[in-house]
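After this come two complexes, each holding chain A, first together with chain B and then together with chain C.
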Partner chain A sequence: MRNKLSFFHTTIMIYMFQSGVVILSMPHILAYYFGTNGWLAVILISLIVNVNIGFIFLVYRLGKGRSVFEILEQSVSKVILFPLYIALAILWTVLGSLVSKDYVHIFQLFSFPNTPPMLLTVLMGLLALMLLVKGIFVIERAATIFFWLIIWMLLLLFAFSYDFEWVRLTPFVFKEGDNFLLGGLNLLKGFLGYELSLFLFPYSDKRTKLIQAVIIANVMITLVYFITCFIAYGFYSLNQLKGVLYPVIDMMSYIKFPFVQRVENLFYGFFMFTNLFSTVAYVWAAKEACQRVFKKVKPGILAVVLIIIGFSAIAIPDVTGEVREWLAFLGFFEIGVAFILPVLLILVLITQRIMGGAR
Partner chain B sequence: MSKKGVRIVAAFLVIMMMAGCGDERILERLGFIESQSFDLLPNGKLRITCSIPIADPQSEQNRKVIAIDAESSKDAKLEFNKKTSLTLVSGQLRNLLISKSVAEQGLWDKFDTFGRDPAISPQVNISIVNGNAGHLLEKDYKQHPPTDKYVNRLLGKEARAHTIPKMTLYEFSRDLLDDGIDSIAPIIKEEEDNITLDGIGLFMESKYVTKIDTEEAIILGFLRGNLQRSAIDVELKKGQQVMFNSLTSKRKVKVEHADTERAKVAIHVHLKGSILEYTGPLKLDNPSNRREIAKTVSEHLTERANKMVKFMQKHQVDSLGIGQYVRNSLSHNEWQSMNWRDVYSKADIKCYVHIKIRNIGKSS
Partner chain C sequence: MIKGILSGNVALFHESDTYIVDVYGPAARAIEQSQTETVITGPHDAFTEQANSNLSLIRERLKSSHLKVIKLEVGEVAKSNAYILYIKDIANMDYVNELASRIKAMEIDTVYDTNMLIQCIDDNPSSIFPQFISTERPDTAVSKLSDGKVLCFLDGSPSIVSVPASFFEFFTSSDDYYQRWAIGSATRLLRLVAFIITITFTAVYVSITTFHYEMIPEHLLLSLTESRNRVPFPPLYEALLMETTIELLREAGARLPTKIGQTIGIVGGIVIGQSAVQAGFTSNILVIAVASSAIASFVVPNYVMSASIRLVRFGLIILAGLLGNFGLAAGIAAVVIHLSGLTSLGSSYLSPVAPFHSSDWKDVFIRAPFSLFTRRPSQSKSPNKIRNKMRK
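And then the complex of A and B:
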């Protein structure tokens, strides 16, 4: 077996890192913050993400595929770096674990409403742990399998086309919205996950075509978000979209049988797969960072410790509102990391080049 | 993983799975509310009736009907639960039957829970009852399936034939919250041995205003959207009747002029159908006769359509969604500064119905 990531699997894995339950409420977020024809914002944000991917590409090019930790450790003292690694690891562990809890909270709107949410969240943690201890190559292959289990649901969107009406889209662009900046940041959170490709450098070679994989994954997620939100805008009226918290789940209720309805709740279970990979992605990145500090600790032990820390921390927010507040707060932090880290690395690399040249 | 490790994980999994037992739902102990009706009492309270099918083959009854008096639909569920040994759930709710008196007061504020409760599907049918909705739901109609299923199938079948609009919670709230269209809902009423359609209710915001007769429902259907697999019966003169089936329609709304004060709109409807029955003097195998019949039918339908639009304008209800097209022809500022309801009631709206005969059946 090759000990480097493959192009196809990496593309799918990054797509799975990016996708999550945000899609269920995305048309609502767009309607609330951007107003009319908010689906256009998906393209704008995707372009911003592409600029960010451009920075990651520069890091990859300038660093000649070296690990970001190596790049940093070459120029910056470990006294500064290790606390930074620990801080990032805490951010990623808690963020990854929170994503699971958010999923469980939405899940409980429909199923098992009286079961303590932490029990179900821990179950998710256990699944994530099983993947984490196996390492990135197994995660990559598992992502592909789970991808096929979920992507077919996109076809369901065409079932709603009967009630789609162009007239509801209106010719107005971004009117009756609330706050573009906040909306943009909220939307950007739905794209997060691609920035973790920074840590895939040591697992890639030329044949992985890592940056190409990230770009294609981003195009895929953009298309999925775009189609979903566009159809939702023609399916719902604007003010209705502002009022429905999870429009995509409601859209799926179209699928009903004479003997039973509400089967869409079963479909919601499939979203666990994408969500699971968001959790795995962040805790894996945290594990990579911690590994630099605790070099002698086995990766499996580190994964267990991180999952325990993460899932203990997220026991604190216990109602949906609190989980959302935490997620918003940490999500904004992560957006900061996604944009600042590559820029910081580029600066370090340029400095290294200049210093190297001077020598 | 070692054997010991596998055992630990397996034990942990079993414990976790058992967590699901805390939230168990035993089918036999659940009461699936299938229909719910709302009537207004003289003291201002609501009489809410719910019908629950009974799956037990040994039971003589096939459903259970419970009625309570409550301030709102929110209080009702708790009250219902007090009256039955079953745990009531709303996941399989299919019909909301609302009496005209409740609808006249406005639907939305009273029914907040239907939008909020995640168990309730947005695909629940809404219909207005001319008369006592509770009584209609309570009664068993001998020649028909159990009342819940009877109502559900009746509404579904008629909606597919476009004799009434398909109106669910999703569609009702979609039009209610859109600033360029008003909601509509089918009206049903109780007869001695049957339930029958009684027209289409027109709403202003969430309040019932007036209705359109069942015979005119198809006109409303093709003026409001595109139809497929429909049928229409037209009486051209006394004793001269023509019936079309396999009717399809395409609607085009053209805003010829609109500003903040006035609007001029043309609605073009193109129908295509097969003649199933014709009781008149003309021979249908002659193309010019067919053209003449098509022309007469078109004129007849145009007249009825224009009459309907005038009726709606008089009541200031934009049930056809003309406002959506006027909105889309204006700038956002113009639309916001326009009082659409006022402009609509005075707007110059003309309908043009054109029918084409697809075929004349097997005989000439």
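And then the complex of A and C:
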């Protein structure tokens, strides 16, 4: 068995890392911050993400596929690096766990409002743990199966073909918006997950075509966001979009089948799969970072400890508002990590080259 | 020599030489139809408990000098013979060697059946799902050999196992190849639909009637509430009661002679089903759901897989009864994660979906025309990937 990731599965896995529940509120975010024809912003943000992927490509090329930890440890003292690893691991563990809690809070808007949210969140934590203990190759295989289980939902968008009105799009672009920068950052959070490809270097070889996989995954997620938001803009008016917090859920509840209606109840369950992978992605990255510090601890035990820490930490934010505040705060931090870490690595690699050349 | 005598042969001493003469001819069951893998068209013969007879059934269909047999001894006390069959230059020798080493490493007194043998050597013994596919049909066995798979069977067992196996392989039947390709393909898709119905139908009923009544359209809601208004139990208990009854009927039917088994089916299906609804124990819509998922479970051609799926269904019903659609989604996620982690002789159980091999899909989800079967399944990792060309 080839012990490297395959191109196809890596593409799907990165797509699954990126996708999450942000899509449910994305048309609202676009309408609120960008105003008319806000769906165009999806492409702009996607381009910015591609620039960041370009930095990751440079790290991959300059580092010749070496692990980012190896690159850093070659030049920077472990006294500085280990606290940094721990800090990153805490950020990723809590962020990953928070994503699960956010999902549960949204679910409780229409089902199980009286059930303690932590009960449902812990169940998601157990599912994440099931994947984490099996390692990246099983995560990759599972991502593909879950991808097929959810991607068909895009076909549901055809249900709105009769209610889509071109007139709602208006010829004006980005009018009645609020704060482009804040909106852009909020939108960027929906694309996060691709930056974790930095930690896939040791599991890749030439046949993995890692960077190509990340770019294609980003194109896929852009298309999904773009189509969904575009249809939402033609389905709702701008003011409706500004007023509805989760327009995509309401769109799903609009769909009726002969035997079943209010399908958002069922289909929202399927969103658990994408959300699960966001959680798994971050906790897996945290595990990789911790493994460098605690080399003798078995990966399975590290995963259990991280899940316990993460899900204990997210018991603190109680109501949806607090969860969202935490998510916003940690999400902005993660955007910083996504952009700064590759630049830092490029600087380290250039320094290593200069030093190597001088020797 | 002692081993030969213990195996039923005669030792003939002549001067300083000793000859072992095979005069062993124990009473054996005649070659009959398989009870578990019946087909409508195609050959009807099935393996028996005699290893020599089984080997001859395969040799009859595969007159190749490349067909090789490895004989191994299994069981510290019973010393049964296990046979590994493969086609040289088509099967991957890594699989052959791995299988042989696992059989040799077995530490057990006695093994009575091939299905017992595989549980001792499969990759994940604690899993609900079978990881090696077993068959009683010589035509299926030969097709597996030509796919590059490795066969294994035990003397005294009518089952032959093929390794490595994939989850989706359990939904194929030799009948698919004897029908026209379009009918074979439609039947395969039907089986996959049946799989989805089996594991989710009752669970979705429980979930909707317990937590998500708003999902039922108005015109259906009326008949559903009418059928449920006399039932004193929550849908979870109601469903578990009926599912257990169905399982009792199935088990009773399987243990009794065929004629009495049919009577049990009638008594259970009609009398108990009808009476349970009239007595207000259960709603008639649940009876439809339970019966549909039971029928769908029997559409799965492999009995071992069918039994595994039925057990998983109970878990999903309980999760749906406790946590509604959330529980159902979590249950499905747990099953998929478990399946993703399984391997069969080291190769992925979910091949050809993960790892993704689109060229194999035409003999997994559909049964394409034979002229399109130009490659052996990638899971076999055969050194001879291309099949003989067929005229188009």
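One rule holds in what follows: the second predicted complex is superposed on the first by the 355 of 359 C-alpha atoms of A that agree within 3 Å, B and C clash if a C-alpha of one lies under 4 Å from a C-alpha of the other, contacts with A are read in each partner's own complex, and residues count from 1 in each chain.
By our rule, contacts are C-beta pairs under 8 Å (C-beta built on N, C-alpha and C of every residue); 3 or more make two chains touch, one makes a residue touch a chain.
In this text the structure is predicted, and so the values were computed from the model without any measurement.
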| item | value |
| --- | --- |
| Touching partner for A:Pro113 - first (chain B), second (chain C), both, neither | first |
| Which of chain B and chain C A:Met16 touches, first, second, both or neither | neither |
| Partner chain in contact with A:Leu123 - chain B first, chain C second, else both or neither | both |
| Touched partner set for A:Met220, first chain B, second chain C, both or neither | neither |
| First, second, both or neither for A:Gln240, with chain B first and chain C second | first |
| Chain B versus chain C as contact partner of A:Leu345, first or second or both or neither | neither |
| Touching partner for A:Val167 - first (chain B), second (chain C), both, neither | first |
| Contacts of A:Asp250 with chain B and chain C, given as first, second, both or neither | first |
| Intersection of the chain A residues that touch chain B with those that touch chain C | 112, 115, 120, 123, 256, 260-262 |
| Residue ranges of chain B in contact with chain A within the complex | 12-13, 16, 19-20, 22-23, 91-92, 94, 115, 118-119, 121-123, 170-171, 173-175, 177-180, 321, 324-325, 327-328, 332 |
| Touch list for chain C against partner chain A, complex | 204, 208, 211-212, 214-217, 220, 323-326, 328-330, 332-334, 336-341, 346-348, 350, 353-356 |
| Contact footprint of chain C on chain A as seen in their complex | 1, 6, 8-9, 107, 111-112, 115, 120, 123-124, 127, 130-131, 134, 138, 140-142, 144-146, 148-149, 256, 258-263, 265-266, 268-270, 272-273, 276 |
| Touch list for chain A against partner chain B, complex | 36, 109-110, 112-116, 119-120, 122-123, 126, 163, 167-168, 170-172, 175, 236-240, 243-244, 250, 253-254, 256, 260-262 |
